[in-house]
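Order of writing sets the labels: A, B, C and D. Residues in every chain begin at 1.
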Amino acid sequence: MQRKIKIAIFGGSGYGGSELLRILLFHLNAEIVLVTANEHAGKSVGEVHRNLFGLTDLKFEKSPEDLAELENIDVAFFALPHGQALSLIQQLPKNLKVIDLSGDFRINDGDVFREFYKLEHTATDLQKEFVYGLTETNREAITQAQYIANPGCFATATLLALAPMVKSGLLTGKIIVDAKTGSSGSGAKAAANTHHPQRMNSFYAYKPFQHQHVPEIEQHLKAVGAFENNFVFMTHSLPVSRGIFASCYLETTVNLTGEDLKNLYELFYKDSFFVRVVDGSPDINWVKTTNFCDIAAHSNPNKQIVVFSAIDNLVKGAAGQAVQNMNLMFGLDEKTGLVFTGSNP
Amino acid sequence: MQRKIKIAIFGGSGYGGSELLRILLFHLNAEIVLVTANEHAGKSVGEVHRNLFGLTDLKFEKSPEDLAELENIDVAFFALPHGQALSLIQQLPKNLKVIDLSGDFRINDGDVFREFYKLEHTATDLQKEFVYGLTETNREAITQAQYIANPGCFATATLLALAPMVKSGLLTGKIIVDAKTGSSGSGAKAAANTHHPQRMNSFYAYKPFQHQHVPEIEQHLKAVGAFENNFVFMTHSLPVSRGIFASCYLETTVNLTGEDLKNLYELFYKDSFFVRVVDGSPDINWVKTTNFCDIAAHSNPNKQIVVFSAIDNLVKGAAGQAVQNMNLMFGLDEKTGLVFTGSNP
Amino acid sequence: MQRKIKIAIFGGSGYGGSELLRILLFHLNAEIVLVTANEHAGKSVGEVHRNLFGLTDLKFEKSPEDLAELENIDVAFFALPHGQALSLIQQLPKNLKVIDLSGDFRINDGDVFREFYKLEHTATDLQKEFVYGLTETNREAITQAQYIANPGCFATATLLALAPMVKSGLLTGKIIVDAKTGSSGSGAKAAANTHHPQRMNSFYAYKPFQHQHVPEIEQHLKAVGAFENNFVFMTHSLPVSRGIFASCYLETTVNLTGEDLKNLYELFYKDSFFVRVVDGSPDINWVKTTNFCDIAAHSNPNKQIVVFSAIDNLVKGAAGQAVQNMNLMFGLDEKTGLVFTGSNP
Amino acid sequence: MQRKIKIAIFGGSGYGGSELLRILLFHLNAEIVLVTANEHAGKSVGEVHRNLFGLTDLKFEKSPEDLAELENIDVAFFALPHGQALSLIQQLPKNLKVIDLSGDFRINDGDVFREFYKLEHTATDLQKEFVYGLTETNREAITQAQYIANPGCFATATLLALAPMVKSGLLTGKIIVDAKTGSSGSGAKAAANTHHPQRMNSFYAYKPFQHQHVPEIEQHLKAVGAFENNFVFMTHSLPVSRGIFASCYLETTVNLTGEDLKNLYELFYKDSFFVRVVDGSPDINWVKTTNFCDIAAHSNPNKQIVVFSAIDNLVKGAAGQAVQNMNLMFGLDEKTGLVFTGSNP
């Protein structure tokens, strides 16, 4: 077997880090050399993520003072709050590959970044070296990349639903995306909006017209095809732990049947193992804990189209896609270590 | 105190009937004289609906053979599967008031009814005597009505969200409604789509472009104002028991601020106790088990509007609105017996 | 109508306060004159508890500096964290009635209080003036009381299940109570153990052999009958919002049939509207949001008994029972304002 | 690599079969040759279990008419309703290994079987050839076995919690087990007790003193050590999909500290990878979808002991343990194909 990829995970105590650990501990070509978590430094990984108890001897460490000495690492994953990658990356050895799960390097435009993230972008020079890590639309660039900006969870579900239609050139009019996410999308820290007694019976919208994934989605759609459509994106909170479901409302210049749509999507994703074109509707139940994105598309006789997509926000929407990108960056089959099933009930 | 309204409930074992019982047992001007449930005939109501155990001595009865003799009844509620009201109503005494919670008399057009309900309408002559029971937009007609077609749950949430905008005359372009419902909307009978082990982690769409509430909504919007918009309506299943949430995407001919929208909605509903215009987003948690409809509206600078509405599908979307209509039909304050709160957690 | 009872609620922003508000706003003999919530002072009640939006004009106030001047109040409810009532009560006018929902005055013994609450009891002289507010076993004393120590939620479910057997004198051997609570029992503040992404799939035990309701239960059982049994009490967390379910394992000196047990419980509770003796098993679903306690008892031929009880932790386990006690203290029927149903689904 | 084990699964459409498929499709030493499901015969596995869509080309088949010709199969799993294995097994080739997930061959005594399963045992001659498949206590016999009676889910959680104490010889007095299960334990068919609108807010007990796992547990405890204790076992329903949690109340002849108990359990399970002795309490959240059983034990100064255990009812309680047993029967490491993690949120 080839030499294992040596990995550092920065930010291992949140849900993104937890999922990276869950996947990479069983990835045959991977070896986790370092996992940081300042608050939990010194504790064993299995003590903090009790699903991993008995499965690893790893301990959380403080982030090293001198990152330039991380010579024995091949790739670093950043699973940190927005803003922290901006400075961290500048301290790393120059040859290190990086996959950033935060939003720090997803947006090309510093002004837009400031508007949506309320932060000054302090590494704009590095921005152009980042490749956007939506694997299915960007495979070639990812294979060559040193730095990956891993897509947001909402952006992943939305872009995978929209890309084939944008690419087709058949769209007209505005695009409306009604997106819903599970509570794990808010992270591992307890907060009012994830307080169980209320969340379990809740469904509500948040950040109307203001979600930070909007510029990320628009920017990448323009990379996929001619996209100048009016774009409305709305986020809602679901009372489940895991899952994103996007309902995308489109209009086409010609009438497309359900069969036409199915063919179009199957063709677009024919080499993409992790996108499954399904009949009827996808269901977050069938993709939970997996790296799959399930998609279905329907039309009516007025050229109105709806495309539904479902992913696990923490896997295809974060850690799973990050590993999929790592696989490509190191010449592995993109499926390596990611072909596991979700469960039925 | 005035003489109590004498009530018959046809179909008391389903969730609609269960909620009618829950409300009417504590309605000071109401007396339930008869409640039918063929399967459970002879059982006490509290044995079947164990939330009512100890609160009533009522027993379920078989539907009487000769309905024409129901002389001592003032009003009959039909909480039966679609289709049954069509024949039942023709057997009742002519002077009886009727509130039908099914879809049998909501649609004016027999052909449309057949298409969406897969049933022949066998009482088209009676159709014109039915008043559509969306209380907030139809109060005067309801007050005079003998027969009420009580709105569907999705239709209620959608129409209350859209009516003020349609009435305003400011809409242009297409209207898209992304609606989500809890599992109790599928009724009290166990079925594959409400099987707990899968439903608790599910979110999915169903009946794309085909839901039977579409013609009901379009027909009533035309009654509210000039409505010729392209209308897309999509239904989804939420992993909660109770609640409907509708996200309605609109476009206006002029720019409206959030403040404009709030004023417009508050004015439209100024005499409607059960519609609450809220900030941010409504949440099904805050309306569960109540007769409230919570609504919020937002805009962006491109004249795009989103209106969110939340109701309890079994109360404002069924039994509660039915009682609200009964109140008006009998000269009572529409709030009578309906001012109870939901709970916080 | 008689003069309304004038009420102050200290601590209106938590779940106990929220439920007191929900009940008392619709209590025909009650008038809420003051409701405090330091953090939310100045906000309207309906803004904080959005289930109450549109139903009251009350505003939260800071706790008054000079409590001795609360002359126009008949009764104060304390819905505060443990420990605060100890000093508050000493500042109130002497004639004021008080119902304390905390654990501050439930335990007679200062040493035991210190051990379980980790607090020094600074009002031991007042302790003897408190009556333990388990309505069904203590009605007469409550009617005469000025100060009520309202029982804990676990204690209520357990005591109502055990009292008839302890009173019967038929018990022998040890008593084991396996109790489970919903997440709202942890209060309105977000915390790690009520973080939705994990809690929704969780069931676990906590505080083994150490729960603070143990001495409260033992003390009160001794007041009910001869009780010297070895007592094991274990608490667990359920992934629902509301509800407590206690499974109580007992042993009797003689063989009792299921019928014997049913008779024994029905006789004991024949004048207690809010205790329902049911067949099979109670279910927290049937008591949620209500003041009912549902109980069932079974036996096997080896003189082993199991008694199941189910309550809503925030109603019969807190605010509902508090109002039930208030009713008795003011000469009202104990059911006043408390006869509302839960819902079926 | 050695020749793969050729496998037939009888009953692939239920949850037991679904989980066998999920595990065995990724088991490097396993090849599924046949999977039956009469109702779904002809459909692809991924169409019925949509979590497996895209991961297998297997189709469901009708059960072959002539089972004696299944020459190319090494082992058959029965994931069928109780009673069907009784006749099926007699039709199989004599050399075939069999792992039966039903209760048909768990109980030695025909009379007891009839009492608890309401069925006549028609293969009592084969009964003695069955080895009870609780891997951790029966490893050697399993290794040599041709036929395995795979333990029930409740029995697995209970026996793993009790076995070390029974073996220790330190128990006295009665044993009480308060056990709780998720809704998937009721199977894949929709039924009233798993109807989502009610189940999601439910917790209740069922079959008091009558569960069919009682004789299975007692029989096996007698095989583990001297067991003549009075045994009370009570089953309850949890509003989650997956998981069993058992709270076991014991009494010892000597005082044992928490440390003593931990040592005793760790020693007993030192060679058992899938039993994890944890601090505090296990939580079904940490074992869901895995083959782990998490256990914790506590004591008080009165020689009262509580042991908590948590498993996934469909994995360690069914399909996972079945594969663990298969591994042993074919000379593989028992962990093969079973070392996957659950997820944190």
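Keep this in mind: a residue touches a chain if its C-beta (ideal position, glycine included) is under 8 Å from a C-beta of that chain, and two chains touch if they have at least 3 such contacts.
Since this is a predicted model, take the numbers as computed values, not measurements.
Asker: Based on the averaged CA atom positions, which chain is farthest from subunit A?
Answerer: In terms of C-alpha centroids, the chain at the greatest distance from subunit A is C.
Asker: Is the C-beta contact count larger for A-C or for A-D?
Answerer: Comparing A-C with A-D, the pair joined by more C-beta contacts is A-D.
Asker: Measure off the straight-line distance from the CA centroid of subunit A to the CA centroid of subunit C, and report it in whole Å.
Answerer: 46
Asker: In angstrom, rounded to a whole number, how far apart do the mean CA points of subunit C and subunit D lie?
Answerer: Roughly 39 Å separates the two chain centres.
Asker: Between subunit A and subunit D, what distance separates the C-alpha centroids? Give it in angstrom.
Answerer: The separation of the two C-alpha centroids amounts to 36 Å.
Asker: If you look at subunit B, which of its residues touch at least two other chains?
Answerer: Each of 15, 183-184, 188, 197-198, 200-201, 239-242, 283, 285, 344-345 in subunit B touches at least two other chains.
Asker: Which stretch or stretches of subunit D touch subunit A in the complex?
Answerer: Subunit D residues touching subunit A: 15, 18-19, 22, 25-26, 49-55, 183-184, 188, 241-242, 273, 276, 278, 283, 285-286, 289-290, 292, 294, 314, 339-345.
Asker: For a test of understanding, state which residues of subunit A touch subunit C in their complex under the given definition.
Answerer: Touching subunit C: residues 15, 182-184, 186, 188-192, 194-201, 239-242 of subunit A.
Asker: How about subunit A: which of its residues touch subunit B in the complex?
Answerer: 173-174, 176, 178, 180, 197-198, 200-206, 208-209, 230, 232, 234, 236, 238-243, 245, 247, 249, 251, 280-285, 288, 296, 298-300, 302, 304, 306, 308, 310, 344-345
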